[in-house]
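The first chain written gets the first letter, and so on, giving A, B, C, D and E; residue counts start at 1 in each chain.
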Amino acid sequence: MEITLNHYLILSAVLFTIGLIGALTRRHIIIMLVCLEIMLNAANLNLIAFWHFGPNPILLHGPLFTLFTIAIAATEAALGLALVLAIYRHFKTVDLEQVQDLKE
Amino acid sequence: MTVAFYIMAAIAVLGAVMAIALRNVVHAVFSVLLFFSALAGLFILLLAEFIAVVQVLVYIGSVGILMLFAIMLTTKVTGDPTRKLLSRGWAWGGLVSGALLLAFLVPLITQSKSESNSQLSNFNPSVKDLGLTLMDPYFASVGVIALLLTAGLIAAVVAASSASGE
Amino acid sequence: MSLIAKGILQGMAVTAKNFIQSYYKKERLPTVEYPEEKSTVNQFTRNIPFLVYDGEDEIEGMRCTACKLCEKACPPQCIYIIKDTDENDKPIKRPKVFDIDSSVCMSCQLCVEVCPFESIRMDSEFELSNENRFEGLLINRDELLKSNEYYHEIHPIEAQETDDRIAAKIAEAETKKKAREEKARLAAEAKQAAAAMKAAEEAAAETETSATEQAQQSEAKAEAPEDNPETKNT
Amino acid sequence: MPARGYHLSKDELGADILEVAMGPHHPSTHGVFRMDLKLDGETVVDLKPIFGYLHRNHEKLAEDIPYLGCMPFTDRLDYLCGMTNNWAFALSAEQLIEIEIPERAQYIRVICAELTRLINHCLLVGFFINDLGALGTPLLYALREREKILDLFETLSGARMMVNYMRFGGVRCDLPDGWLQECERIVGRFPAFLDEYETLLKDNEIVITRSQNVGVLTQEEATNFSITGPMLRASGVNYDIRKVDKYGIYDRFDFKVPIGAHGDCYDRFMVRMLEMRESIKILKQAIADIPEGPIMGNEPRVFKPDPQETYGRIESPKGELGFYLIADGTTNPYRYKVRPPSFVNLTALRHMCIGHKVADAVIILGSIDIVLGEVDR
Amino acid sequence: MNNFIDYKLIELGQWTVGLFNDYPVVQILVHLLLATLPLTLVFMGAFGFSTWLERKGLARIQNRLGPNRVGIFGLLQPLADGIKMLLKEDIVPDRSDKLFHFLAPVMLMVPAFIAVGFLPLGDGLMALPMDSAILFFFAVGSLNTIAVFMAGWSSRNKYSLLGGMRAVAQMISYEIPLVLSAVAVIMFSGSLNAQEIVASQQIQSWLASGNLVKEFFGQILGWHIFKPWGFAGFIFFFVAALAEANRSPFDLPEADSEIIAGHLTEYSGFKYAIFFMAEYISAFAIAGIATTLFLGGWSGPVIAGLPWFIIKMFSLFAVMIWIRGTLPRLRVDQLMGYAWKFLLPLAILNIFVAGFYYFAEQQFGSLAAFIGGWVIGFGILQTAAKGLSRLNKSPTLDGKRVYQLVE
């Protein structure tokens, strides 16, 4: 049977929640960043799905908007990993639980 | 077309789940790369060809490798499998996200509109049109994004290198 | 470095020249395909030594007289000689056992320099590998013995020089022997003349006996060097 | 250039120092030679050279062998230049007893020594560029030229590398006819090869960037480490034993000595290239006026020098090669000591490599030009 | 006579597809097979031939004979190597990560074969005729990096990790100049589609003019390499391509003089052969893309189409072999410095020069732009190159060293 918008929406919802579960439950900093990327990608999928099944795809709003989100996601990933490096060097650990003390 | 969608969706879900579940961090990152490539396939199915290419180039090509580098720089080379897996508040986290999932799915399944067929079958969006629209109405936003990218680059370099100073 | 890296391009021009010339210039392709083209050795090459013998019979014509000079001179001590003895075990000048351990020999050619009888020479045969390590590489006397013709074949110039030297030595021995005979004969005649004069004055009897005994002794001396010219050494 | 010899147990990122043992059968060490490197990432923090894998008890062996018997062993010292080793031993042995060396033998000795210098230098340049990573092309050009000279030695002395050619008071056998013409032809064609070699390597941008300012040795450091040979001249010190001692008949030939200015790997490479051109000049003059005559002085029947000690040295392609002999009146030397140039030059390896990258340590070792036969004896 | 072979091949393809008209499902399958199978077989054959070419070429550069024992002129040598590789025992270190140790060669081969699909072999002869073919080529090109990292990391050995990290760093830092130098061409020819890029390098007006000489040169003079920014772009592209394919002056990962065999240390037997096949085929792919972008793809004087493309691709590969026979290797930090501090700024500057050239061509016509472009454009790039190397204090600038010959 023909693929409709709902299929894509359900798929991106599932992917988003998987990303959310990962972000909330896992300890490791880098896995958290990975889950962040998963959530962003799920959102992108949603965007493109709405553009594909949307009223007038000629305007190319979907791909444009996704391009911008991908650019932002890339910068965010770069910055996130730079901070992870800083945290690792300071706290000597990758486990988020021990990164508690705010005071210097 | 429908078979391709289900295969791609299955791979995507599998990649995402493995990314969370696997104990070894490097395996997790490799499975997230699998997830990104499944998504690129989905984008091609949705006829957004350029986005699929950018997804492969940006996500798999550089963000994936960035994470691998980060792992290499932070853990000892072989990684220590002994540390605990779940954060302290994992139960609450699971509960909240489960509730959120229900909040998403329930309205979708009930309405299940049928009329959403796409007019896109005849129109194959070429990269040239995307480039042209990027330039005339959205030129300002392209400039902003360029600024943001350079700022992000410089910030990342400063954050990574200055930390080694103290 | 400028846009077009001049040094690198020059280098590539050199390799291109080599590539092209290797197709038509012999000098640019010195490869000798060994199993097919055999002749990679020239006449001056030296490898494991061998013993030279003249004439047909190996044992008789052997030049070596087991004087063991080469055994002493060999730096890695890889030559082993035992003198030969004939039936009633009187040592004769010939080696019964003459072994060279070719795994130890470093073909340094000192034995050739030391040998007074020009009997040991360097062979240019280099395919000496065989399967068992110990007995196979210990070359015994019979394998070492090779004819003078073989020697002429592998080292023509050197073989010719050696033969000239030997001929010169024999000729010199010849002339010396002749000179000694000459001297002996003259002495004998002078003695006979003196004896004749003495005979005239004193009683003839005791002078005859002394003259004949002297002649017989010089005749024996003349006969002695006849049979073995090689033994004469300077 | 970071500070010399800084010692770190932990590098900045906290990752411990990487301990790497390079050798003994590492592709880039010339023969069996091991370097224990302590690496901080890519930079060499500490280097411990370990050798002795090729020790053959050369000096003790010589004590119960007559003087002449030691001559074939000297070929095995620096197996690339047999002739100069022989000459060094013959020179110092001739100081033990008075032997008058005929003119023709002196000329033959100079010709053979300079031919060996050509072999050694063009081989070294080949290996040096091979360490830079040029996959053997320059090395094979050098080997092609070396083959021609080795054929000359084979016709002259019977063997390509283990020549055992020189005797106390002269040389073993005279030049076969046609040898001089062949030698003249090869020496005549050598400058053309050198020009081709230089265009391939001299101003190649990658060679320049990889080898300039790498492994620098200043003049005082070179003299303190008692470095000799092309390495010393590359650091700017004008000391060539052919000019200082004027042994043999080197004072009759006019030739120059190339001096470098920076003392880095590139200078050592260039000094050797220029030295090859000087050797060709000497060879041309020697071949032109080699006299006829005997090739062996009045050598006594048994070489039995009366008790004394002597030290003879020559300028071998790698540096000052000296033989220290003690004679005790018997036919065997009492003490037979070799002063190998590459062993002494190797002591500067650690000093030069600290602070450089791993790839540079390989090149610096290549530029010192060591042959393990001589280093381990 | 032009594109005669391409049309024949297309007809053959349509004829075979036509055979299965009455079962549509099989027809799709045959269509797909036709697009991919010949390409894979051809490029595996090309891989075999190129190993022979490389060994013979290097041998002849070094004045030796090269393989001539197996088959006439050693032509069966690749077959012999292949069989040897198959017979060799495939050792997998026990502490290594089995799954990814196995996956790495596969992961390296997949992008190599996909990248080959984007090459415009002839008029209409493209395995994957996509709108943004060139961009997809670079995207797939970046997948190699992951495979190399996987190989390095999964064999759990100090040397292979060091080699893997070096290779990944090198590939990433050379990917950017590669893409930027291609951007100049794409900007000029106006589209990402490979066929249109090739068409933009043919002077259409001359081709239609009918007289033979004009038609002959029409196919050549349009190539981008004859334009100033095109020539400079070609140099940057080719240098970056050498680094991407780990070829000669940049073959750092398996620099035997330092770390034994880089990320390939723990591989043996057929996996090692797969690594090599993937490397050679990605080198072919990059050479193919370089011909499409700069050397006019399949357009050529008489036998336009597939023959010209193959000649150009193999000649570029021969240049790679030639370079491998001559040049020594760069050090790691010099390599990185060269990419970021020298190649990248020049590639960006090249895009500006291409832009000015485009507008100059609109204003003063192609001939004046051509001459002016070469004089000014190339001058700017040359001075920029000199300035940059002075900025990086590279020793190649401080002139020749003079050695005094002393008495």
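The rule we apply is simple: a residue touches a chain if its C-beta (ideal position, glycine included) is under 8 Å from a C-beta of that chain, and two chains touch if they have at least 3 such contacts.
For clarity, every value in this text was computed on a predicted model and none was experimentally measured.
**Q** Consider the two chain pairs B-E and D-E; indicate the one with the greater count of contacting C-beta pairs.
**A** D-E
**Q** With chain centres set to the mean of the C-alpha atoms, which chain is at the far end from subunit B?
**A** Between subunit B and the rest, the longest centre separation is with C.
**Q** Roughly how far is subunit B from subunit D, centre to centre by C-alpha average, rounded to an integer in Å?
**A** 63
**Q** Quick one: subunit C and subunit E, Cα centre-to-centre, how many Å?
**A** Measuring from centre to centre gives 68 Å for this pair.
**Q** State, to the nearest whole Å, the distance from the C-alpha centre of subunit A to the C-alpha centre of subunit E.
**A** Taking the average C-alpha coordinate of subunit A and of subunit E, the gap between them is 34 Å.
**Q** Got the subunit C residues that touch at least 2 other chains?
**A** 1, 7-8, 11, 14-15, 18, 30
**Q** Give the residues of subunit D that touch two or more other chains, as numbers and ranges in rising order.
**A** Within subunit D, residues 13, 137, 141, 144, 200, 203-208 contact more than one other chain.
**Q** Return the residues of subunit A touching two or more other chains; collapse runs of consecutive numbers into ranges.
**A** 89
**Q** Using the touch definition up top, name the residues of subunit E that touch subunit C in the complex.
**A** 57, 60-65, 232, 235, 322-323, 325-327, 346, 378, 381-382, 385-386, 389, 394, 396-397
**Q** Using the touch definition from the top, list the residues of subunit B that touch subunit E in their complex.
**A** Of all residues in subunit B, those touching subunit E are 26-27, 30, 33, 49-50, 53-54, 56-57, 60-62, 64-65, 68-69, 72, 77-78, 124, 126-128.
**Q** Per the contact definition, I'd like the list of subunit E residues that touch subunit D in the complex.
**A** Those residues of subunit E that touch subunit D are 58, 61-64, 158, 248-249, 251, 255-259, 324-334, 394-396, 400-401, 403-407.
**Q** Could you pull out which subunit E residues touch subunit B in their complex?
**A** For this pair, the touching residues of subunit E are 100, 130-132, 135-136, 138-140, 142-143, 145-146, 149-150, 153, 156, 161, 165, 168, 172, 175, 190-192.
**Q** Quick check on the complex: what are the subunit B residues that touch subunit A?
**A** 1-2, 5, 9, 12-13, 16-17, 19-20, 25, 28-29, 32, 35-36, 39, 42-43, 46-48, 50-51, 54-55, 58-59, 62-63, 66-67, 69-71, 73-75, 83-90, 92-94, 96-98, 100-101, 104-105, 108-109, 112-114, 116-120, 123, 125, 129-130, 133-134, 138, 141, 145, 148-149, 151-153, 155-157, 159-160, 162-164, 166
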